[in-house]
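In what comes next, chain A is part of two complexes: it sits with chain B in the first one and with chain C in the second one.
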Partner chain A sequence: MLNCLNGITSTAAALNAERIRMDVIAENIANAHTTRSADGKPYQRQQVVFETVLQNQPGNITGTPVSSVQVARIEADKHPPILVHNPGHPDADAHGMVAMPNVNVHQEMADMLVASRAFEANLAVVRNARSMALQSLSIGKRS
Partner chain B sequence: MNTLSAIRPVLQNLPQIQFTPKTGNATPVNDFMPVGETFDTTLRKFVGEVNTKQLAAQDVTKQLLGGQNVPLHQAMIAVEEASVSFQLMVEVRNKLMDSYQELMRMQI
Partner chain C sequence: MIEALFNQTNYAATKKVLDAAMLRHEAIAANLANVETPGYKRVDIATSFSSELNQAIAAHEPSRINALRPSLELDSRAVAGTRDGNNISLETELLNLQQNTLTHTVGTQLLSGALLKLRLAITGRSS
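On to the complex of A and B.
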């Protein structure tokens, strides 16, 4: 297999993983005020867990397997829901407390920045791999 | 004077192109001809691989434009890989043409 852009396989997987993380953060922000999810309880904050996978085909120049990344699972945050006093709310309990999701929008914004920057870093890897390949191609040029 | 001696250590670190014989009892024609795979076959295979990359890039772009669930970066990476391998092919072709013209200019 012709391999012009080395190191791209793991970077592509990382880009994919960061995209999934972004999707999960979007889901959290969208459901930050959802008091009733599919199981009737307030929405629980989701978080992604990344894991390393060894790619079988030799991808880099030395022929050793490349370790890339994938999303192992998407898990719910174990923190309890935040209780807010709002007796007029349809989902309020006998004491007038409403269980709100354990999503902290500020934390989600910070996580979103981290995901965005990580995506950017991987894009920089792609850019550099491309420019290295093109620079190698210009070795033999006379001008 | 050997001006190219400086790049020799660099060349030793590059992966070697190996001409491995396909059949065990192939006899070498002479010392200059590699046994087994000829340059012609290597070139053919290489052009075929470049073509495969182009087709893969075209395929993934079509899927993306067709609204299927293909990530954008994957399409861009496939296109980029096809582009770089195509440029490599163009460089190889330029080298071959250069050497051909050099031979044609040779005085006998």
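On to the complex of A and C.
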């Protein structure tokens, strides 16, 4: 296929990866108070791990290859659950302590802002690629 | 004979600048895609390219300009701002992106201008 928009593969992969990250953050915030998940334990915070993927290099270009990004895996946060004293809670133990998920909502909000800024930066790349492609197409046209 | 029209130094140099702008856009796209990847190192057009292009322009040798190939290399001057080894700065990269798009605009306008002048010379009409 004709590759009009340079770098579109990297950008598309990045938009996809940031979207997955936003989904995981949304899951964390939604489960910030879930004391009983499928395995009976409190919900554990999930986090995405990004990794670089080398792209197929066009034959006529030498030097360092350009790379794209992908979500390597989604991992559980190893921090222990937060214990809160609440004897009336159905999931309280013998001492009246309830194990709450290790999710910090403020941290999740900050992460969400970072993800959304990274998303916007990649959208700016597409916008610029588009305007460059349109200008290339108009070379030699009478203005 | 017609090749001579398209083999002037300025014309060849502008084409190379456009090639470099397209390649640099790909590098910036990769850099911005990996803005959150731990350990990622910034890539950019090889620093030798602009000096070689300048020398070839100064020497008025279109064949030398045409033989130049812009390539990418790891940017050794970028310093890591975070502890995860990633040396991309979002702001700098976005500035580079805008600057590169402007460079491309200048290149396309120069080429269009050259072609329009050629058309004027052939037809004698300005529009």
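Note that the second predicted complex is superposed on the first by the 133 of 143 C-alpha atoms of A that agree within 3 Å, B and C clash if a C-alpha of one lies under 4 Å from a C-alpha of the other, contacts with A are read in each partner's own complex, and residues count from 1 in each chain.
Convention: contacts are C-beta pairs under 8 Å (C-beta built on N, C-alpha and C of every residue); 3 or more make two chains touch, one makes a residue touch a chain.
What you see is a predicted model, and the numbers here were worked out from it, not measured in a lab.
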item	value
First (chain B), second (chain C), both or neither touched by A:Arg130	first
Winner by number of chain A residues touched, once chain B and chain C are compared	C
Partner chain in contact with A:Arg19 - chain B first, chain C second, else both or neither	first
First (chain B), second (chain C), both or neither touched by A:Gly140	both
Common interface residues of chain A - those touching chain B in one complex and chain C in the other	8, 61, 140
Touch list for chain A against partner chain B, complex	1-2, 4-5, 8, 12, 15-16, 19, 61, 123, 126, 130, 133-134, 137, 140
Complex contact set, residues of chain B against chain A	15, 46, 49-50, 53, 71, 73-74, 77, 80-81, 84-85, 87-88, 91, 95
Contacting residues of chain A [partner chain C, same complex]	6-8, 10-11, 13-14, 17-18, 21, 50-52, 60-69, 114-115, 117-118, 121-122, 124-125, 128-129, 131-132, 135-136, 138-143
Touching residues (chain side chain C, partner chain A) in the complex	18, 21-23, 25-30, 32-40, 43, 46, 69, 71-74, 90, 93-94, 97-98, 100-101, 104-105, 108, 111-112, 115-116, 127
